[in-house]
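Per-chain numbering from 1; labels A, B, C, D, E, F, G and H assigned in written order.
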């Protein structure tokens, strides 16, 4: 490897896509495979500018199927490999990621959500939550981090490689077009310098020695002949997924001790929610928030705890109930009323959230 | 854009045998026509086009009404009318 | 400045709106401010209106977009129609005096609606190319989000390589910045 | 007398000026197509399908029934229409990314299958809509957003020779040509032959057009023509590669 | 069109795949586009044998993306067009179906679920529920019928064409490998003879007249330039989807008046559940069932009504909680405990269900 | 003395008899491959990737690291491995459906890009694993489960000439051949050259093999050989189509 | 017959297990019975064990698979190992007497475990090819799910075209059916 | 299948100069070898193969130990040993 891309802590003002490219470098990613799609393009563009300087590689593939499957190949070869996509590209990405899920291949995918369904808009949404968490013909045995700032995009992209390689589930960093394209400040750093060890990678194929002589050959597959064989495999994976869950779920909460309105939101929308909740709380209103950072696995117990003390839950998202469904699923059994403020495909301002909470609280704006 | 009332600027060229007409509402000022004119007859005009950029105008003397500019305009902003023919047609 | 200043700046594709935002936020960054800048973008960007949403303040910025700007600037008729929705009771709405036929599209609620002869000034006194820098000057005049000095530094950083070849350009840019600043400063909005 | 611009009758004047950049070759190809539709008198039975890529900007370009599809998927949508209603004359309009990268399985299989459709592919040597990344047609050494130091063919691969490929795999009734917006009359002729080939149900027809993208090339008018006519034409020789009666050029 | 494929009522003993092919014929489907995949293959195989006799068409495409997009094309041309797929093919099918969803194109897709994720097994599962209901980068504005017998495969395949063309949402018939491959009896009929009118089709493109002269041109798109444009479009579609919902939701229930255990299941698993529930009810135990037939839209109110009167809910499925999530989402607010009997990828026998219910009831087997 | 069958050293004896049907050509191709791996002494650095199709039955066939992928996706998986670790010698093993239909975009683009991988494609004129549907390589008139009345080329399309296509679009360093299990020694030679080409990092290498599928052809041994050697060979002439030093055959 | 009879029949790929199931269910259908027949299938079917799950009764059949069969037949060693799990306390488990090395794999719980010399009989007395028809006979003998007459009709329907060419085949098939029937009938299981 | 103890049946052919060996545990009875034997030396054997189908056996007289059958067997069920050579090797 060439010289360290980042030395010390460096304050930077850049786009989210640039932050992802720097994070991948900082994490020691070896190779990126990708296919252009807005609003993710600049990740590739920064990576291709930076990569040669640090002996990193890049391959632009013919489509997202190929981007995903080459990423799978890169990981099989024992490299920290990643890709990035969005929208219709994320739909296609589900085929390779279903293979990664079945075979426990630690791929890392950055998703910058755009409007949906179909080509829709190249701009923004939170409509790829169900897709990213549960896409493919499986049970969603993946890890999905939803970021809400450039700092987090940087932090969680690094973390994604570690989670993936430690637990061997495909891992996603879920952001959106706003985060991708906007510029704000963050601090870049080398995780190793900060004592954050990178989980070492390991080759699945091409290890030293002659297979059948020095060692057993790797015989990797995702196909089973008999139903029960598959179920046993799934049972094992599900067990490991559930054992991992308490170790990796992350969330953030505020004012959840005794709330009239508990607002649940993730990603960039969470920022508007946080502003709104703090503003209302400062006025003395009992308004708090809960933000899942891992959407998969979901911080179920933590949300249940916070929700149990609330009079009303308000789920705010730039989608038509994708987070809402998760919240209801995870809170089933409670009887706190849940309302959605659902704006599929468009941004949500703090003002809107404030207004909606006031309406709930019966106040006039 | 509405179909009626499309603004244009026209000018006699080729010794009065033809008319050079430019539709500023269509011209994006790309300059492709200027480069292709074999007579170097096109220059930038004071008249601004749809993006606020200059449109083109033909030199009455140089222009031979060959229609190359009309053909290469990706926006159909130029129309050359050969008058002689028009007369015949009438 | 203890409040975050929210700016929406809109113009046609070629008018350099995003360049203004880039330089302005660069200047703010040099002053150690917190910034969030997001361009609007869409598939038809080519022929469409381009908007820059910029927020500058002392604390981490919250949401990337806002309902109401502190200052909204529109540089074409389509831009006026596209961003008048961002004007609220406290908003200063600035548009170019040369824009015609937008009388009915100007925001009714704004604190102040200001037509400035930016295009004309740029064309006549300076050069059409520095129109956007003049606008940046006006923006700074109306908000004081950065000092003129820092703005000049940022311009230097961005365009310095051009100035090397043609020092007159520097002069022209700085002059445009100052003219823009004065245009608004003179109106007493700031 | 009402003076109207000289636009093809099949153009939709209400959506003009169109959405392409100043100097974009798409406008020229669609002008040629419009004139051909007029000349063949098929405005009432053409179905125009556009891909995602700058071609999508043409979704309301014509006064013909039009459908904007997905990136790379215009070929199958048009195949689906043609199979369901062979009376229609279908045109699949797409970029080099849509046709040669993400949609290449459709191109290759429709060509081999000899589907009676017309594919018009715009070679502008880059992914224009997304801001100028490398395309399969990016020239060796050419700088794009994903080949910032120039396309290194040993890593990023060689240019795709589309019409050559289609000519090699298509059937005897196929029509295959490469035109250029710099040779407008030839281009129009190719497009006309391609549509006539479909109308005669002779076979698959395919026209690649070398086109300009001043926005992503970052060229002025002079450089735009120069890149197209000098550089591109060297790599991608225009001409007819296959005509239903035999091979030419 | 050639002669009627079915005259009168005909008792038949055949595979589910054959039943689908006959149903498509009976519904007057014009063209099938498809790509082979087990366990759906025989639909194509029967169709290609039958089609030429009735002047129907078929195209074998190069992949499922193409199968889906050509189906979209067939529908745009105004034909009753359909396709069929499964497993990884269903994953790919989400790209074209997201276009159909965005543009309200009445495609019909038959899904024969197999094990997942990835290639997994070619046999059976109920693991494509989330995928079929909510796949793609959208909000799941589709109709999904889950069948449980050959008769229903026949009935609902016919109905799917009508629902699709009446409401213009992509419509799915969701079955599985067991239903596909097993043989049982059913009655074939011509819907028209039974007074079931087929909703007429209509061309989206290529209508009579010259566009721009005699009529407006069709300018169909799925891409929007501005976020708000997309949201307006989505709001309209969502509204129409929700208005349609009460008209088309279907379900089946038994013994839901006062139940100790209410079992919820769909598809072929429902058959085991029905046997188990009846057996236990005959013993005098308070056991009932609720079966959603439409998984999208979900019979929410109906299930709520049935669930409100139950002491315990048991969700039984050959997946790891895909139906369970839907049930919890739809029942949020109730506090009836819900348990899952989840067997991803394998069949469930009535005996197992009986045993599980007995355990719940605290009885020993 | 322990008497063992004469199988290549790189075969995994524990998984023999292999899972292919009696008389299946897959066994012959994999025998040739096994012998080549032995002769080149690369058992420790070959990575064998198999597609979905009957090729998947070879997932534990060899004592070499192997990965079974998705239908049509073996090419990108192997490209991904090779790009990440060029020391490895990667073999993408797939059927005609996987290679020419669902995975054709990968084949076309890897070939054009000149990825240093070896693709071995088994042409058995049908989709065997799924029970004998039409493949891109199904012969004109041939009956399959989806062409029950014989492949009508005017509807169902013409046979795909894979090596011809790859030869047309690949680069100078590429190796392209069509072998047949009926010409075992030639086949082995082609496979060896293909792997050597990769090892020399000269370019993309591709060998299509005409193979037998008695199960879906419903043929006895005599008919099996006859169909392969008489019918198929007429449509698909075996030979080398491209060698790194120039063009042949 | 008021109870649904559940049958699992397993053998090697070439042993004709699915043909037996097809003819048997055809016969049952002709008798107006309700039937559910599902073959097992998998990717490796080629070399694997093939199983037919058949249920025949008077009422619509419920689930396609069952935990415990009324009769389970295994025709090879691998088949024994694969389907012994379907035997319960009430199950009659039949296997070919020629299978070796399965002593430990035979179900312990079955009501009755029966080795019949089907293969030997077919090979010696009839022809290896009618082995599966002999098995069908045994199946009918043990379950009486259809009458021998209907079974013959179904055989005729399925293989009649072959019998036309070679009437001796008919005789041989019918004989196999009867021999199989007797083999089990003689043991008193039915 | 375990590596040791692989059953085979062998027979001298080609005037004792070679040995024809068949591994019934590998032979699937496909018959491809029989068709390809230039000497028509192969016939079906009593010995059953892995699928219970007949394996093949070479005629001691006709077989010329040309190895074609060995080569075309997709299952590597046949092994021809040339004794002469073997002796030299020893």
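Methods note: contacts are C-beta pairs under 8 Å (C-beta built on N, C-alpha and C of every residue); 3 or more make two chains touch, one makes a residue touch a chain.
Keep in mind that this is a model prediction, so the values were computed, not measured.
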- Query: Smallest number of touch links from chain C to reach chain H?
  - Reply: 3
- Any chain in contact with chain C as well as chain G: A, E
- Task: Mind naming the chain pair that shares the most C-beta pairs in contact?
- Result: A-E
- Message: Just the number, please: Cα centre separation of chain C and chain E in whole Å.
- Response: 54
- Would you kindly tell me how far, in whole Å, the mean C-alpha position of chain H lies from that of chain E? 55
- Query: Between chain A and chain H, what is the separation of their C-alpha centroids in Å?
  - Reply: 60
- Message: Centroid from C-alpha atoms only, then distance chain F to chain H, rounded to Å. What do you get?
- Response: 27
- Contacts with two or more other chains occur in chain H at residues 51, 53
- Task: Please set out, as single numbers or ranges, the residues of chain G touching at least two other chains.
- Result: 42-44, 47
- Junction residues of chain F - those touching two or more other chains: 17, 20-21, 52, 56, 68, 70, 101-102, 104-105, 108-109, 129, 136, 156
- Message: Looking at the complex, which residues from chain D come into contact with chain B?
- Response: 2-7, 11, 13-18, 20-28, 31, 181, 184-185, 212, 214, 220-222, 224-225
- Note on the structure: The chain A residues in contact with chain F across the complex are 30-31, 33, 57, 59, 61-63, 65-66, 69-74, 76-79, 81, 95-96, 99, 203-213, 217-223
- Residues of chain D touching chain E in the complex: 10, 12, 43-45, 47, 52, 56, 59-60, 62-70, 73, 76-85, 87-88, 105-106, 108-109
- List of chain G residues in touch with chain E within their complex: 25-26, 29, 34-43, 60-68
- Message: Touching residues of chain D toward chain F in the complex: what are they?
- Response: 100-105, 108-109, 112-115, 136, 153-154, 156-161, 164-165, 168-169, 171
